[in-house]
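Both of the next two complexes hold chain A, though its partner changes from chain B to chain C.
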Partner chain A sequence: MVNIRINNTDLTVKEGTTILDAAKANNINIPTLCYYPDLDIKSDCRVCSVEIVGEKGLVTACSQPVWEGMEVKTNSPRVLNARKTLTELLLANHDDTCTACERNMNCELQTLANTLGIDENRFENVLEEEPLDSHNDAITRNANRCIKCGRCVDVCKNVQGLNILETMNRSHEMKVTPAYGKYLSDEECTFCGQCSSVCPVAAITERDNTDEVWRVLDDDRKHVIVQVAPAVRVSLGEELGSEPGSIVTEKMVAALKQLGFDGVFDTDFTADLTIIEEGYELIERIKEGGTLPMMTSCCPGWISFIEQRYPELIDNLSTCKSPQQMFGALAKSYYAKTENIDPENLHVVSIMPCTAKKYEAAREEMSVDGEHQDVDTVLTTRELGKMIRQMGIDFNELENTPFDNPFGITTGAAAIFGATGGVMEAALRTVSEVLNEEPLEKLDFEDVRGMEGIKEAELELAGNKVKVAVAHTLSNARQLAEKVKGGEKDYAFIEVMTCPGGCIGGGGQPYNTTDAKREERIRATYQVDTGMEYRKSHENPYIKRLYEEYLEEPLGEKSHKLLHTHYFSRN
Partner chain B sequence: MLEDLLEKYPQQEDQLIEILLDYQSQKQHRYISEEEIARIAAHLGVSESKVYSVVTFYTFFSTEPRGQHIIQVCKDVPCYINGERTMRSVLEKLLGIRVGETTRDKRFTLEQTSCLGHCDGAPAMRIDDKTFTNLDENKIKAIISEYRGAK
Partner chain C sequence: MLEKKLITARFDKINPLSIDDYVEHGGYEALSFALGMERVDIIEEVKKSQLRGRGGAAFPTHIKMMGVAKEEDEPRYVVCNADEGEPGNFKDRYLMENDPHQLIEGMIITAYAVRANKGFIYIRGEYDKPHSVLQWAIDEARKKGYLGKNILDSGFNFDIEIRSGAGSYVCGEEFALIESLEGKPGRTRVKPPFPTQEGLFQKPTMLSNVETFANLPHIVDMGGEKFAEIGTESSKGTKIISLSGNVKKPGIYEIPFGVPIRDVIEQLGEGTPADRKVKMVQLGGASGPIIPEYMTDLTIDFDRFENFDSKTGAGAVIVMDDRFDVFDILLRISEFFEHESCGKCTPCREGNLQLLKLVEKFVDRQSSEKDLANIESLARVMHQTSLCGLGQSAPTALLSTLQYFRNDFVDRIEHPESQ
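Up next, the complex of A and B:
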């Protein structure tokens, strides 16, 4: 332990602690900007500068470890002046039209300026305007808002291992862009959106589709339905001011009804359907010597990653569409038919924790009739939060409302799709009961749960020992992909989710997501699971009925047409 | 040529600058093209953005073909204060090109650089491997005409 003094308070802190952490642990607030929990310390922005008594220059609290007898001043006039000047300089090179900005009132730079009491900027604005990169369906980059904090570079490089965004040039000419200043769509970007979720300002955001949804909701000719992904019910509350890990399923349904959707359905339903189709696909591959290990295909970032970087592994991917796309395909076929709605007038919206889902929905092959996209518009959790605020809904006062049918009765197996390892666990619940022909003693496959980067489990299926693996983040996924490419035959089934923690940590989730918050959302996810009447996808009575009435059998002709897809090498 | 050169280097990220320096010094017009950046990135197992980041950070490297002589004007603070702008406009007028351009006869490329380590002799510039300090209009004119004469 080390004795230090911060602003006349004597403290004893652990050796090696930074000034920032020591202060935080003792309720002393030092403002930060480039600092982000779970990411590397960059000390790029210098906003957390503090004074160490007896030292010449100011130091950054985020990077400076304490030493015995250190005396720190976090709010001396010298410190306050430096911080204010630094922030004014940032603002002078920033598109500061705050009221016309996606991050207005939710912007770390704006909050900082307010905290520091910047009422006017002594420096003239010298921003040289650059064009937007809005050339893809998922993510928009606005260099005019970028403050070069380096967080996006860090997640892209160190969490996802892609390093598409980098710092180019130097000094005041430094920019954060892909190589040659190209568009994200020209690069092997998976549109995971982790960059957008750590951006402190509006330099990287999801492509906003809320106006489009308001428009169709107001159009009397349109029948507008919505599906909500498993991970949104454990994060939307947080977006609207509740504690991380709040479960708001039924209030969320009520809010969507108030917004004017004609049907509010659950993507969990098609997650159950995915498990049936993917489960049977796995069984078929095991029995008939198909390509193994089979790899999950729910995550559009992961699909892009394989298509771009490991096209030789395309046959390992399950041919199942993602739950979002299965829902869209059923909506535009089965639902349109049973409800007697012209597909021309049926508009399908999804609420996803994800930015890549916007890209997935726009993929050319995601259309059952070849004319209309199966999913018309995708909104992130953040965008739904925005619509709820725009509508002036008092979220916490809403009456609990259940999902509509036929896509409303779901299982715990589907609910856990949102957490890393969830798809694997849901599949194992079904596959082992089908293959072993007896009920599982224990439903919880704890080996595949939790935040560890790569998880493995072993189990017995029809008398054979089978090994499975689960990875989240593309850095970890790459390790598994390399193993499989190198001829690894041990695994039968691999689940990959692009985002840390799985979809609950998706690129479209509330800002300021940290590992601690991810853990809370994961905890909530398993709480949803244990609270469900059915916890195995094959026990979902509406899924059984769908097969009886319409699909006939798993992997059947209709399934192949509606629920399965193919992939392309984009290397 | 790049392939032969890459074979000499281990496939490690920390070899990047060595490879870039070695290759650019041998290459006609002393620059590294987009295709070459992609090839080097693939060799080292890093992203193109990473290589491009390094190439654009160091003013020593260029992604554009350059002329026979590379004139680099220091733009850092001491030079900036001591007449960097005059130095630059004299050169631009003399050569008939702007910063970042190459003369039509391919003799000269005019660029800016970060600190040359001659702050005591600001403003300073470098032509190829040679540094010139305490520059003014007359001095610059004399230096350029010397280079022009020495064909």
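Up next, the complex of A and C:
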């Protein structure tokens, strides 16, 4: 332990602690900008500069470990002046039209400037405007807002292992960009959007589709329905000011109704359907010697990753569409037919924790009639939050409202799709009961839960020992992909989610997501599961009815047409 | 005689391309002796010599050596910083061109002491001649058994590779150099960890300047105590001065520490052409302070410079006579740093451009009191908060002129019309 003094407080902290952590643990606030919990210490922005008594220069609190007897001043005039100057410098090379910015009032730079009381910038604005990169359906980059903090570069490189974003040039011409200043769409970007979720300003955002939704909601000819992904119900509350891990399912439904949707449905329903189709696909592959290990296909970032980097593993991917796309396909066929709506006038919106879902929905093959996309518009959790705020809805005062039917009755198995290991667990609940022909004694597969990067489990299926693996983040996924590519035959089934923690940590989730918040959302996810009447997908009565009335059987002809897809090498 | 030739003693006496010449003049004797010494004893001698780094930061060399020697991680590296990009400095070039084996020998001794088996010389991109001279010398040394496996039958293996920079100034900064050596853009890293702990390829790395390594054979040869008899209380040994600007005899001069700058200019440089008045002298290079003539009594000494909130730098003395204007110099320096900043940290990336814009206002006589206050405040913040030496020292010249030539600034504000 080391004794230090910060301002006038004597503290005893662990050796090796940084000044920032020591201060934080003792309720002393030091402003930061490039610092982000769970990411590397970059020490680029220098905003957390503090004074160590007796030292000439200032040091950055984020990177400086304490030493015995260190005396730190976090708010001396010298420090305050430095902090202010640094912030002014950043603002002077930044598009500072704050009121015309999507991060207005939710921007770390703006908050910092406000905290420091900057009312006038002493420096001339030197921004040289650059065009937007809005050449893809998922993510927009606005270099004019970028403050070169390096968080996006870090997350792309170290969390996802992709290196799509890099820094280019030097001095004030230094910028964050895909290699050679190309567009994201020119690169093997999976559109996971982790870069957007760590960006402190509005330099990287999801492509904003809220206007489009407002337009169709106002159009009387349109029948507009919405589906909501499992992970959104445990994060939307947070987006709207509640504690991380708040479960707001029924208030969310009420809000969507107020926004004017004609039907508010649950992607959990098609998550259950995915489990049936994917479960039977796995059983078929095991029984008939198909390509194993089978790998999940719910996550569009992961699909892109395989198509771009491991096309030789395409046959390992389940052919099942993701729950979002299964919903879209059913909506544009089954639902349109039973409700007697011309698909031309049916607009399907989905609320996803994800930016890559925007890309997925726009994939050419995601259309059952070849004319209309199955999912017309995808909004992130953040965009839904924005619409609720725009509407002026007092979210917490809303009356709890259940989802509409026929896609409203769901199971706990579907609810856990949002967390890493959740798809695996949901599949195992169904597959083991079907194969073992007896009810499961224990529903919880603890081995595949939690934030560990790669998880493995072994279980018995129809008398055979079967090994499964679960990975989240593409760095971890790459390890599994390499193993499979190298001929590893041990695993029968692999689940991959691109984002840390799974969809609950998706690129479209509230800003400032940290591992601590991910844990809270995961906890909430399993809480939703245990509170459900049904906890196994194959017990969902509406799924049973859907097969009886329409689909006929898992992996059947209709299923193949509507619920399964194919992949392309994009290497 | 002001000069004291220690590491430049063989200049003009030997053919730098002849290893035999070097050996005849006592070369590789120190290595041979060192290989028979205990490794810690070599570091002990360096400690006694009180040798401090010659690249500008003046860090005690033995502490660095000890730092690498005590690390268990392998491999360990010895890296020579021959990027000499600081405007006004050219002494490393002379050391490499005129006595390449002295550097190589210094590196081998250091490598032996810190248990490193691989060395790199990171040489400035523009240095074609020293590059080829060094490459020749390395090849010769390898042929004669001074480099490679089992050096002089000692069982010790060490070899050196030369890597060329690509013209970036910041790659002379230790971590930017290491990044560049690894094939990455030249941008510094956050400290700690220091290079001695996690340097090249994250391995313990002994990184020093050409001149520092060149001193090693002499320390082994003379013994640390004898070496420490040269120089002053705080600064032992000799320093090579790169003398340039308005002097009759520019060039490199090796002096013992403690010589006044005025003597360097007047005696070694033989004064200014046409005996004009010296207006200012910049010390260390573009990143160093600019002092007025009346301060040239200052002696070349680490601590004297330290008191003066400056580093000796690598030993450049740039003389400017009374034909020159403070703002001509400041403009060029500001343009230089605005161009060379790596862009990683805020104060350097954004600050250098803003600083340049403010200097331009003074140059154009468009400046106000407010600009004076802003330029001073910005320069101080850059100095105090920049991540590496580049940003910290970029405003040094400006800050020193604000201190010693303040009237020039005030004059520009008060007389916007006069030329």
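Note that in this section the second predicted complex is superposed on the first by the 571 of 571 C-alpha atoms of A that agree within 3 Å, B and C clash if a C-alpha of one lies under 4 Å from a C-alpha of the other, contacts with A are read in each partner's own complex, and residues count from 1 in each chain.
One rule holds for everything that comes next: a contact is a pair of C-beta atoms (placed from the backbone, for glycine too) under 8 Å apart; a residue touches a chain by one contact, two chains touch by 3 or more.
Computed from a predicted model, the values in this text were never measured in an experiment.
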item: When chain B and chain C are modelled together on chain A, clash or fit; value: clash
item: Which superposed partner A:T210 touches (first chain B, second chain C, both, neither); value: neither
item: A:Y180 touches, of chain B and chain C: first, second, both or neither?; value: first
item: Which of chain B and chain C A:S475 touches, first, second, both or neither; value: neither
item: Chain B versus chain C as contact partner of A:L86, first or second or both or neither; value: second
item: Partner chain in contact with A:N169 - chain B first, chain C second, else both or neither; value: both
item: Which partner reaches more residues of chain A (counting touched residues only), chain B or chain C; value: C
item: Touched partner set for A:N75, first chain B, second chain C, both or neither; value: neither
item: Offending stretch of chain C which, after superposing on A, collides with chain B (from 218-226, 326-334, 380-388 or 398-406); value: 326-334
item: Overlap of the chain B and chain C footprints on chain A, listed as residue numbers; value: 167, 169-171
item: Contact footprint of chain A on chain C as seen in their complex; value: 168, 170, 185, 187, 190-192, 309, 338-347, 349-354, 357, 370, 374, 377-378, 381, 383-387, 392
item: Chain A residues within the chain C interface of the complex; value: 41-47, 49, 56-58, 60, 63, 65, 78, 81-82, 85-86, 89-90, 92-93, 122-124, 126, 148, 167, 169-174
item: Chain B - residues contacting chain A, complex; value: 34, 37, 46-53, 56-57, 63, 114
item: Touching residues on chain A, where the partner in the complex is chain B; value: 157, 162-171, 178-180, 187
